[in-house]
Each structure stands twice: as structure tokens, then as C-alpha cells.
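Here come two complexes built around chain A, the first alongside chain B, the second alongside chain C.
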Partner chain A sequence: MAVDGISFQINKGECLGLVGESGCGKSTTAKMITRLEAADEGGIFLNGKEITQAGNKELRAIYRDIQMIFQMPVDSFNPRIRLGESIMESMINQGMKRHRAKARAQECLAVCGLPKEFADRYPHQVSGGECQRASIARAIANQPSLLICDEATSALDVTIQAQILKLIRQFQNEMGMTCLLICHDLALVQEVCDRVLVMSNGRIVEEGTPDEIIMNPREEYTKRLIDSVL
Partner chain B sequence: MQQPLLEMQHVEICYDGKPTVFDFNLKMELGEILGIVGESGSGKSTLIKAAMGLLGTAGAVTRGDIYVKGKNVLDIQNDELRQMRGPEMGMIFQNCGSALCSIRTIGDQLYESMEQHHAIKRAAVDQLAMQLFEKINLPDSERILKSYPFELSGGMNQRVGIVMAMIQKPELLFADEPTSALDVTVQAQVIREMMALRNEFGTGIAIVTHNIGVVSYMADKVAVMHKGHLVEYGKTRDVINNSQEAYTRKLIQAVPRIRKR
Partner chain C sequence: MEIGLEKSVTVRKSKTRKDQTKLKLYVFSALVVVLLVIAAFASQLVPYDPYQQDLGKALQAPNSNYLLGTDRYGRDLLSRVIMGAQATIFSSLLLVCIISVIGTGVGLFCGYKGGKIDSLIMRISDVFLAFPGMVFAIAVAGVLGGGIMNAVLALACISWPKFARLARGQVLSVKNMPYISASKLSGSRPAKIIFKHILPNIMGPILVTATLDIGTMMMELAGLSFLGLGAMPPIAEWGSMMSNGRSMLQTSPWVILAPGGAIFITVMVFNLLGDTVRDVLDPKFKK
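Up next is the complex of A and B:
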């Protein structure tokens, strides 16, 4: 069992951090929310509506509302499709006209600091940081109400990480986007999250504001995590 | 006068005739820990490979000299360089776990790398290895020695690679993003163990990392690289707290720091 009886809620417009050692079940939790992984027990609710058993048709609507960014941006794009087409794909799937989707894709690339020429590039023709920005462009193109970032910046240079976090905060302020930030960098969580969950062995062992947790950790595991920050 | 451990003078390194590292100068004393920071592509790995004589056919040092304890590594023959690798200079890199041989056990590989340089019994190597494994949080060390790399996780193999370099107690250890792929808790243990190596055996360490926290914790000096140039070089305290270069300040400011009180 990768995740065992966890309960939590994310409030609208909030940025919730999820921290814990690798293998503790963070990605599994994210995949359950996005239904990439099935929950064996319990319920998952989005905007008050149960989505645990949602069928294909319902899932399409759900995927517009929830977007996910992964650690390895290059792997999340089809290598044979231009970045612009990948960004347009889900908008077209949602019924948007092609020319509208194209304009929207270029708009989102621009917001993420990429000139519109990037729409014509293939994933291998851009750097890791540029590719990650393209994957954020793809995520926000759908104006999701919930954005899940699974270690989205840990493989990137610190300066690029800072740019990307700034973008995410900007979308939160401007569009009231809700964010689940999975990460093992406590300092980063302290900087951007309103609340944080600490996970260990598939369970949530502690919950609070980042300052509460970092300055007054109650669990042995959390203390170890904090002491490990050099 | 004592020879410096490592000295680079006006080093230029090219790939396919295109300069990648420009006029690079630095000097490490015995037992010194040097942190090398900079964005990806700035030439950090290239620099380390040049010092280890591992640039291969793709790259070449086109100007300048690199001395390890007074010996110019650019002049010495491959055989001698091979003898130096291990006991005199060791290396840990980001994916050193994947460089392990897949068809021999961890114990066999550790023993083989040791007996090339030292007259030492198998049991003694096993003993040393197990001690190191335990220290960097690889419990069940007996099982690890008997394992093949594919039987261990990526993070475990990475730590095996780290032990492989450390067990030789090299005088000069190059560590290229050694812990970037490891958990923070494990990272802390590895870093403490590298410090212990310096304190007990006087190992000088050049560590490449993008973790400024690691640098301020362990390095005596810091070299900041940007697009193949050394843009700042000095005592860690001065560079971190009182940098003279805009690029360095940008790099430091980009790193969120934890507030514990």
C-alpha cells in the first residue's frame, strides 16, 4: 500500500505544500487526485463533487479543472509533436476552435516568458528550463482551478526555479488558482505555501502553516527533515 | 614549500574547437574544500573532467596547465593517470550509480578497485565498506555487498558509487552534484561523511552543486562560474554574504533559505 488512509482538503485560492522523503507516497497522492491512479477506498471531492469514480465523460471536464506539472518536463511532451500543438491539444479536445486555441497557446507561452516561435519547436530543441515553462503554459492554457506541481522545479537551476515560482504566484493572485505543491525543499515551501502537510510512509503525520511546522515540529520525522536542511 | 593540491593556470577547454571554459585560474591547498557553483551549461563538469583526464576525444585542454600536487596532469601518460585515479584523486558524479558494472556484485567491484592500488585482503575491504554504508544510511550492509546493482534502487546505487570513491580515502576528491538525486535527509548524511573524510584523512574536496546551503555548510572557498568564465572566487563567507558580483548575488537570491526562528 503506497498511501494509507489520508484525509486533507485544499481551500480555494490556497497554496498547499506536501513534503516528505521519496517513496513516502506524494506522487501517488497526486495521481489519485488526477485519477491517473485509482483509490481503493475513500472519496475524492473536487469543488464539492465526488470524482472518485467519475466516468470518461466526466473526467474530461475534470481534466480541464485540474492540471499537473511533473518533474521531468521533457518526458511529459510527445517528442514528435511541436510544443505549440501539445499546448493546443487539450483545448481542442475541450471543443475550442483551432485558430482560437493557437492564439491562446501563444498567449500562454508569452506569459511564461517564451517568444511565440517556441510553439514551432520540438521538445528536444529547447532547454530543460524552457521545456518546464512550456509545460506550465500548457497547464494554465486551460485555466485550471487546481494546479498540481510534482517536484516541478527540483531538476532546474535555482534562477529558473525562482522565475517559475513567481509565475505560479502571479496566476494565483490574478486568477485565484489553487495550488498543490509537492516538493522536498522545506525552504521553498516556507516561501510559497499557505499550509503544509508532512507525509511519511503513506500517512500524513503533521499539518500546519510552514512556520508552525518548521519552528515547532512535533513529529520525530519532521524534525529530521528540518535538521537535514543545510 | 608545500605543493598546492590542485592548481589551474589559464586553462582553456574546447569542444570541437569551440572554447567552453576560458582562462580559468584556481588553487586548492591540501585538505581544502572548494565549492563550485553556476547554472547548468556553465562548464563545471567540463572543468572536473579535464582535471581527471576524462575529457575523452570530444574535448581538449587547449591552453594553460593543470597541476595535481605539482604534477602536470596534461603531460603525464594515461597509465600513470590511471594509477593516480582512486588513491590520489577520486570522483563522485551525479549518476555514479549507473556507472557500476551490472554483472558483478557490489562487494566484488569494491574489492577490485581497492586491490588495484593497495595490498589488502577481501575481508578488510568488506569491513571498511560496511562501515561507510552504515554511515550514509545504507543499513543491511552485508546484503548490499552481495547485491548486483539491478537489485538496488537508484538512490542506493548512487550511495554505493559514493562509497566506491570514499573508500580509497583520496587526497583529492571531485564531487560533481553528488547528492542532487538524493533525498534531503540522505544528502545531509553524505555531506557530513565527506566532511569526516576531510577531517580524518585530510582529503581536499572540490564539490560542484547548485545547493548554496551545501556550499555554505562545507566549503572553505567558492568559485562561481558563468558561461565558462570564473566570475567570482574567494572565501565562502565573503562570497555568500558580501558578493562583489551581480551574477553571484542573483544566484544566491534565487535560493529560498529556510527560517528556523
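Up next is the complex of A and C:
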């Protein structure tokens, strides 16, 4: 069992960090929130509404509010489709006209710091950082209320990491977006998050503000996690 | 100590290989197009009527009038080979189309859906794969009766599982890629995910197998015809023409060599095209 009896809530506009070693169930948690993976028991609530049993049609409506940024930027785009087309997909699925969706996609790319020519490129023609920016553009296109970043920066090098985080932070402030940041890098979490959950073996072992957790960890596991970083 | 020699380094460009593959693709595609054109315009291209019997000219060796000779009813073999291209090539293409479309459809469905229905259909395809294919095809063709369409149906019955397995395996590997999750998160319906995101990414191997299978299927169709279960006389078809000529192999070998050579050349051209398509679609080739 990857995740076992976890319970937490994210407040509106908050940036919640979820840290832990590989295989502790962080990504599974993200997949369960987005319903990409089914939970055996328990409930998931979005804005007070239960989405655990939502049917396909409801789910498509829910996905306007939840978006996710994936760990491998290049793999998160269909290699045979231009980036712009992938960004437009969610808007077209909601019935937006093609030319308006295209304009919006270019706008989103621009906000994420990419010139609009990138809409016509294929994923393998751009670098990892640029691809991750495009993936942020795709995620924010519908102005979701919850953005899940599943190790969004771990495949990138340090300077690009900082830029991407800054971008996410910026959108969070501007749009009042709620953010779930899944990460294994405590330093990044300390910089960005308002609150942190520490996960181990599918359970949440500790919760608190980043400073609290890093300065005075209560659990043995958290101490080891911090020691391993420093 | 000083070394005054400047070593010039030449980096071998991968371009040469790439160009060759492109060239090969063009050449073999052109050859296939030539074959298709011959098949399509067969009735205009034939020098003599392929069905006109003239016993006075029977079994003539290749000469300037009859380039490939005549068969035992005095029909011009060149005309019959050209006419036979129509039946043979188009029925093989039809067969490959049927099995690749049905097989890919089944594979996509099973791979995407998973679960019990997937297991059930895959066990059924195991049953088909466990049978010796040609024997089963002979049995089916025997039940359905002669005729080239029945031969196509019989071979379609036994050949689809190959494509279903291939497509299913490919779907399973693509299905868990992040871009499929991303598409789900974009609110795409399953049909859109399958046809826009999965199908284009698994087309490569299926296309290669289909191209390579044209040759195999052509041989199997000719085999069925040779056994008298495919095209019925007097229709010109390479397999049945070889069957007609087999008793005269010692005395007038050209009767069997003409359609045999045609099968040999056509199958080879299609196989070479298949190999080249595989090289072209190889991801390493793209870079």
C-alpha cells in the first residue's frame, strides 16, 4: 500500500509542501487528488464538495479547478503534437473556439516567459526548462483554483529550478491559486511553502511551518531527512 | 618539448546514412507505386487478351511475340502475369488493411480498457495464435468455398491477433506516460485520448508490421490459390497460375517461372519497403 490513512487539508491561497523520500507515496497522493488513481477508502473534497465518486462528466468539470505539473517536462507533452496544441486542448474541450484558444495559449506562454513561436514547436525541440514553462502555461490556462506540482522542478538544473518556482509563486499571488508542492528538496520547500507535511511510508508523520520543521524536527524520520539534505 | 603538429579531426557526419535511408525510401516507394500502377491499369497494359485461348500456340517458349511464353491453352503469360497483379496485389492489400484495422482496433480497446474484457479477448487471440495458421486458413477457406474473397476472409480470421497483440502492448507502454494523464486533466474524453494521443504514438510499429506483412500475406494468398482454395480459374492469379504450371516444370518451366518470378519480385519490393519504413520511423533516425 503506497498511501495509508492520510488526512490533510489545504486552505485557499495557501502553498502546502509535501516532502518525503522516494516511494513514500507523495505522487500517489497527487494522483488520488486528481482522480488519476482511485482511492480504496476515504474522501477527497474540493471546495467542500466530495469528488471521490465523481463520474466522468463531473470529473471533466472538476479538472477546470485542479491542474497538475508533472515531473518530467518533456514526457508530459505528446511528442507528436505541437506545444501550442497541447496547451489549447483543455480550452477546446470546454468549447472555446480554436482561434480564441490559440490566442489564449500564446498569452499564457508569454506570461510564462516564452515567446509565442514556442506554440509551433514540438516537445523534443525545446529544452527541459522551456518545456516546463509550457507545462505551467498549460496548467494555468484555465485559471485553476488548485495547482499540484509533482516534483515539478526536480528534473531541472538549479538556476532553472529557481525561475520555475518564482513563476509558480507569482501565479499563486496574482491569481490567488492554492498550491500543493510535492518535493523532496527541503530548501526549496522552506523558500516557498507556508506549511509542510512530512510523509513516510504512506503516512503523514509531521506537520508544521517550514521553519518549525527544519529547526526543531520532532520525528526521528524528519531529522534524518533534514540531515541528509544538509 | 613542443609538438608542432596540428591534428585535424574529422567528425564523420551521420548525414550520409540518413540520406541513404531517405533515398532507399524513395526508390522502394517508387517501385511499389509502379507495381500498383501496373495492377490498376492491367487491362490497358496487357499486350494480348489474358483469357483468349488458342491451342495452336500452346506452350511456346519465350520469344519475341510472347515475351514470357504461353501456357497450355495458348494464353500469353505476360498478359496473365500483368492481369494477375491486379488480383494478387489488391487482395493482399485488402487483407492487410482488414487485419491491421481490426487488430489495431481490438488492441487499442483491450489495452486502454484493461480488466476482465481485456483478458477474455486476449485469451481468444491466444487460441488463434496457438493454431497452425495455414491449416486453420485452409479449413476456413474449405468451409467458405473457393474464391479470392473467401481466401482473404479465411486469412483475415487467423491473422488479426498478431496486430491486436502488437497494438495492445504498445498501448500499455504509452498509456502510463505523463502526457496521457495531462490530457485527462485537460478534460479530454476517452475517444479523444485514444485517437489523438495514443494512436499516433503507436502507429510506427504497426505501420512497419503491416508493410512487412503485405509480402507474407501475398505468399499465403498465393499458397491458398495454389491449393485451389483461392482464385478460381480462369481468373489470372499468380498462385493458381503456378499451380496450373506445376506439372510442366520439366518440359516448359516458363509457365511456372513467370508467376513465380512475379511473386518473388513483388514480395521482395514490399519487404524492402517495410524494412526501410522501419528505419525511417526509428526514433534515432529523426535526430
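Just so we're on the same page, the second predicted complex is superposed on the first by the 230 of 230 C-alpha atoms of A that agree within 3 Å, B and C clash if a C-alpha of one lies under 4 Å from a C-alpha of the other, contacts with A are read in each partner's own complex, and residues count from 1 in each chain.
To be clear about the criterion, contacts are C-beta pairs under 8 Å (C-beta built on N, C-alpha and C of every residue); 3 or more make two chains touch, one makes a residue touch a chain.
Remember, it's a predicted structure, so these values are computed and weren't measured experimentally.
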Give one of first, second, both or neither to describe whether A:159 is in contact with chain B, with chain C, with both, or with none. first
When the two structures are overlaid on chain A, which partner does A:94 contact: first (chain B), second (chain C), both, or neither? second
Scan A:191 for contacts with chain B and chain C and give back first, second, both or neither. first
Should A:86 be classified as contacting the first partner (chain B), the second (chain C), both, or neither? second
Looking at the overlay, does A:228 come into contact with chain B only (first), chain C only (second), both, or neither? first
Once chain A of both complexes is superposed, is A:13 in touch with chain B (first), chain C (second), both, or neither? neither
What is the contact status of A:72 with respect to chain B (first) and chain C (second): first, second, both, or neither? second
Spell out the residues on chain A that touch chain B in their complex, using ranges where they run on. 21-22, 127-128, 157-159, 161-162, 184-188, 190-191, 211, 214-215, 224-230
Which bits of chain A are touching chain C when the two form their complex? 31, 34, 36, 56, 59-61, 63-64, 66-68, 70-72, 75-81, 86, 89-90, 93-94, 135, 138
Interface residues, chain C side, partner chain A - complex: 177-179, 181-189, 192, 196-197, 200-201
For the complex, give me every residue of chain B touching chain A. 39-41, 155, 183-185, 187-188, 191, 210-214, 216-218, 250-251, 253-261
